[in-house]
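Next up is a structure, given as structure tokens.
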Amino acid sequence: MSSSFGKMLTLTTFGESHGAALGGVVDGFPSGIAIDEDFIRSEMARRRPGSTPLGTQRSEDDVPRILSGVFNGISTGTPIGFIIENKTQRSQDYSSIEHVYRPGHADYTYCAKYGLRDYRGGGRASGRETSCRVFGGALAKLFLREEGIAVNAAVIQVHGIKAEGYEWKPPFSPPLYAPPCRNLEAMIKAVEDARNDLDSVGGIIECHITGVPSGLGEPVFDKLDAVLAHAILSIGAVKGIEFGRGFESARLRGSENNDEMRAENGRIVFASNNAGGILGGISSGSDIVFRSAIKPTPSIAKTQLTVTDEMVNTEIAVHGRHDSTILPRAVPVIEAMAALTIADFLIQKRCYDKR
Amino acid sequence: MSSSFGKMLTLTTFGESHGAALGGVVDGFPSGIAIDEDFIRSEMARRRPGSTPLGTQRSEDDVPRILSGVFNGISTGTPIGFIIENKTQRSQDYSSIEHVYRPGHADYTYCAKYGLRDYRGGGRASGRETSCRVFGGALAKLFLREEGIAVNAAVIQVHGIKAEGYEWKPPFSPPLYAPPCRNLEAMIKAVEDARNDLDSVGGIIECHITGVPSGLGEPVFDKLDAVLAHAILSIGAVKGIEFGRGFESARLRGSENNDEMRAENGRIVFASNNAGGILGGISSGSDIVFRSAIKPTPSIAKTQLTVTDEMVNTEIAVHGRHDSTILPRAVPVIEAMAALTIADFLIQKRCYDKR
Amino acid sequence: MSSSFGKMLTLTTFGESHGAALGGVVDGFPSGIAIDEDFIRSEMARRRPGSTPLGTQRSEDDVPRILSGVFNGISTGTPIGFIIENKTQRSQDYSSIEHVYRPGHADYTYCAKYGLRDYRGGGRASGRETSCRVFGGALAKLFLREEGIAVNAAVIQVHGIKAEGYEWKPPFSPPLYAPPCRNLEAMIKAVEDARNDLDSVGGIIECHITGVPSGLGEPVFDKLDAVLAHAILSIGAVKGIEFGRGFESARLRGSENNDEMRAENGRIVFASNNAGGILGGISSGSDIVFRSAIKPTPSIAKTQLTVTDEMVNTEIAVHGRHDSTILPRAVPVIEAMAALTIADFLIQKRCYDKR
Amino acid sequence: MSSSFGKMLTLTTFGESHGAALGGVVDGFPSGIAIDEDFIRSEMARRRPGSTPLGTQRSEDDVPRILSGVFNGISTGTPIGFIIENKTQRSQDYSSIEHVYRPGHADYTYCAKYGLRDYRGGGRASGRETSCRVFGGALAKLFLREEGIAVNAAVIQVHGIKAEGYEWKPPFSPPLYAPPCRNLEAMIKAVEDARNDLDSVGGIIECHITGVPSGLGEPVFDKLDAVLAHAILSIGAVKGIEFGRGFESARLRGSENNDEMRAENGRIVFASNNAGGILGGISSGSDIVFRSAIKPTPSIAKTQLTVTDEMVNTEIAVHGRHDSTILPRAVPVIEAMAALTIADFLIQKRCYDKR
């Protein structure tokens, strides 16, 4: 299915950016978990438009309504249905893009696939779709929290500027959700410069998952890193992922890249974490670390060459309150997909744990 | 399921490196396709140990035996079962690693997951498992060939040395399966140097898929790039993947990264291919291009610190005929997983094509 | 997943009988289909409480609200999200069954599984859950109609009384949705007698699917009859299913049971349809015919022995406006599940059709 | 996938009756289970041709060869691959049916679906395919045995003759695998009469699953009875299934059909088992009981009308050593599919058990 993710814990979503509502179903969620709706709303607030001065100034409420699966504040084990009404976007005018394919967008490929598209605001391909992921991820985090597992992501590069000398001490702060670092202001300025130039910028987001027990992930096709890659690359703006040393490990020798092991107090300790916490597709007990490449937002006010849906050459400048970078708002989405993946594997692992 | 890949076209595999045999089932393969067994064997020959002077000098036959699903040389639409007997590996002595976890290997994580492991030659975590993928990929290629689709990969970086000035003209040649380039000899020397130092090296493999129609891939969770990432990261040695400009797009602005479009003879032509042939998770008709980071082989003869399965500190030097790089032998495996993914999506797409 | 049905065309549902709303997601629905909301509402009206004088006199509106996947009245190919608000049931008092397990209900098994339950009106185990199935089935029927396929069911037995001398001429009429037959009044009276006795009755529903092309269904595990059985037995009240001659074929010899074939005008015609339109799990082109055994509604006002959730013996008489038979309201639910199954297989079949 | 069954515990199979071999993969099998190969062979011996004087006198060995997933006699948690070589069937002559569709067989529907078929002995539609199910079921039984769960089936009706006054005391004995009963000889004679008349007979098989804990099965679409029905109807000869009182419950009132509950020693005891051990799709802790209708074997030596694959009317008498009833040999197949289903749900249940 294209609209479901997960095996035992699944998130199924629906919704276009300008339809009546988005929403979905979280199925396979364990019973007996306290559902902290304030926490869910705070997670969604991090993603919603208007959440950071570096992003779009459109403001949407993004308040989810839980319709089932929770009784007296506790999960019942039955599917958790939810909707997020679309309130503020009705009035916009999308007639200018009804027949024009925006470069870098999925306008053309949706038409190629379906023979038609809902052109209002990107339809199903809109970033607004990710609000449902953050809802599902917030539930997953509530479950993981009880297991001592935390998922945190941060922006570590904007445009060509990498965070220098940063320490990993979550939670991270707006406006950029980068870790404290020497050149934070330069990173922020890169976004502002792009906005002033009617342009946008990409960057890199790093994610750490702590408290993961060893033994998560399935050998061969559903390796933990393979499924995490699936989860993260399913986010529209992501163009690459790497685990541990990642692409840098291509430049290393085995003697440098292998993480040596020591026994300390009857437990294994790794001297380094080049593997990013995963060996042979199975978690090793070290922190899981990965980085994702985020492309610059395709909606820019600069004029670009393109074609109409009748194959006529034209040009386009996408006006409107678009994000000049999606980076800070992508942070909770990456955390959400990682949390869903880890929670699913944790549930699967229980099937085979010895009693 | 951990041992199956795909939705309509599936590959299910089994087998440890030192069991009686490996094998599997290709299900959902279309009927009426001529099964060219010479082609299958030639694909498997590219992966088998001993296929390149740069890899291990162990020699295995890797001849698959097709047990079902083919009648009079034509696929019948029923599942294609196959086995690959393990012939040459029986006699080796693995007692030295029976109780020691090799750094960079899955020895420890398998024990953490299953409570026991088949320690002979890596068991299920052995690279030998990929022989079944190459078999499945060869079948997928036979189907894709009839649709005008080709999948080709090549080594474009070894250790720190990137192929300079290369042209993409497959097929590529042994020993390295790199494209012809100015510094090919330096790339080969990097492998030989590592071997002389009892060490190993990693690198980068690029893959191009040509002839893909627009409209492949599913929005949201099963984006074409997400499933390709799942497929490729499920290969043991892969630590990262990027599509099109990938991590470089993090350093670009939207105006640089968006691929402008022009209409030529009633068809869309993209001025560039920074997207790597995928927009919004759906193929655009451009070539699909991705790169994978391959870590250096963990089995090295250099001495490394590690622990035993009874949590005693020790050290290990992994002797034997190991690959000092897995790069050339990983090329057909990457092609195979890409071919299976594209074939699956092509079959899925037909469900919704208009008649 | 427990809450999803189907492979390429999937229905995912959520909702308890007394939560805020029920709803779900229909995914994989083809693009370009006209969505006739009047038809959807008419299908749902057949199932809703109060639809027949033979059922409960509780009245619910059951008006679905489509939230996505339809644009300008046409399906877009993206997931169709929907909700059905629970309006009329809020005020009822369920405290009498909060701690008592009703015989024949899932009260006890839900507690055994989840450790808690939403006791209001059956929660997720309520027949109200089937409203989402009828919504999904109505969409499936809109698609099947374009392919010339019709799904019709009718009540052919109530209590011990079998419809005599009936002809199969759909559509069938309230109050019982039985085919016109000699003893229709006796069938209706059996329901009324049960009601007067504070009791309930079961019966048998027959379903015919016409216009199905040959070649639907997958050999071995996903035979067309196996998946139909899965679909129909997933309806709470169904205790058995049989195809064609079904249990009667157990009493036949091969020479009686085999359907002989003749060629007429270049097409195969079967002399009989004992197989119910399915051979080896694949549709033969004959009508698909199956019958389902429906148990008597477990909610009865007669006093029965039972226990509390603290294992104390007690008795219960379930008062309220319960159906003394679920038969007429089960008819559209059976049609819906059959329609979803056939539509899914029709979509899957296209993957492998020759061009 | 058509050739895989199960969710966490899966059986994937391949193989035609006259290809080189049949086989498959059991995936998700727990690690640490002793694999008793003698038991597996004894299960397969019950199904193999020649196992009963009432069936075909063709003799096949049906000895499975385990290729992976077992190390030192213990399951490792990795997939268990196996093959069953086809030894004795090579020499037969199937040219007489190469172009003729046998009534009651899948010859015509396979051609309709795939455009071609392997006509030798039924190909993939042959009953020989079930040998792989019995292998998988034997593994499942080894796991269930450790959990105190037993699966036993028996023939309770042949042609029109129902076993009278039988007690359920497994294991049951050849030649018929019926429970000891007053009219066993009449049942056996019904088979012999059919054989003498060049004909075949059907019947009914009952299955009891004991020791199942409450809480197995998923609400809504993957109810325990729905998935069991899927499993059992996927066996070629089965035309119907019913749980508990089944079709008889259609003739009952609620007050007769509901199973009253009593508390005894802090546990729930049901006064009857009309539900067949399943309420709301979830096991209640009572024995699970279902019955399957088995059609008469379609291969009969009597002459029948049919057509050729070029749509020419003809007739056929299927000679050869065919079963005049499949009943005794279907018993272990039904047990196998039931065992696989229960084992899968037991594994799934562990995901959500409280620690």
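Here are a few things to note about the model shown:
For clarity, chains are labelled A, B, C and D in written order, and residue numbers in each chain start from 1.
Here, a contact is a pair of C-beta atoms (placed from the backbone, for glycine too) under 8 Å apart; a residue touches a chain by one contact, two chains touch by 3 or more.
All values derive from a computational prediction rather than experimental measurement.
Using CA-based centroids throughout, the chain positioned farthest away from chain B is C. Between C-D and B-D, more C-beta contact pairs are found at C-D. Fitting chain B to chain C on C-alpha positions gives a rotation angle of 180 degrees, to the nearest 5. Once the centre of each chain is set as its mean CA position, chain B and chain C turn out to be 46 Å apart. Separating the centre of chain B from that of chain D, both taken as means of CA atoms, is a distance of 39 Å. Averaged C-alpha coordinates put the centre of chain C at 26 Å from the centre of chain D. Contact of a single residue of chain C with at least two other chains is seen at positions 1-4, 13, 28, 31-32, 77-78, 113-115, 124, 219, 352, 354. Put simply, chain A touches chain B in their complex at residues 1-5, 13, 101, 103-106, 108-110, 112-115, 124-125, 129, 157, 159-160, 194, 197, 199-204, 214-215, 217-223, 225-234, 236, 239-263, 266-268, 271, 275-276, 279-285, 293-300, 302, 304-307, 311-313, 349, 352, 354. Interface residues of chain B facing chain C in the complex, by the touch rule stated above, are 8, 28, 30-32, 77-78, 219, 347-348, 350-354. Only residues 1-4, 10, 12-16, 19-25, 27-28, 31-32, 65-69, 71, 74, 76-81, 83, 113-118, 123-124 of chain A touch chain C when the two sit together in their complex.
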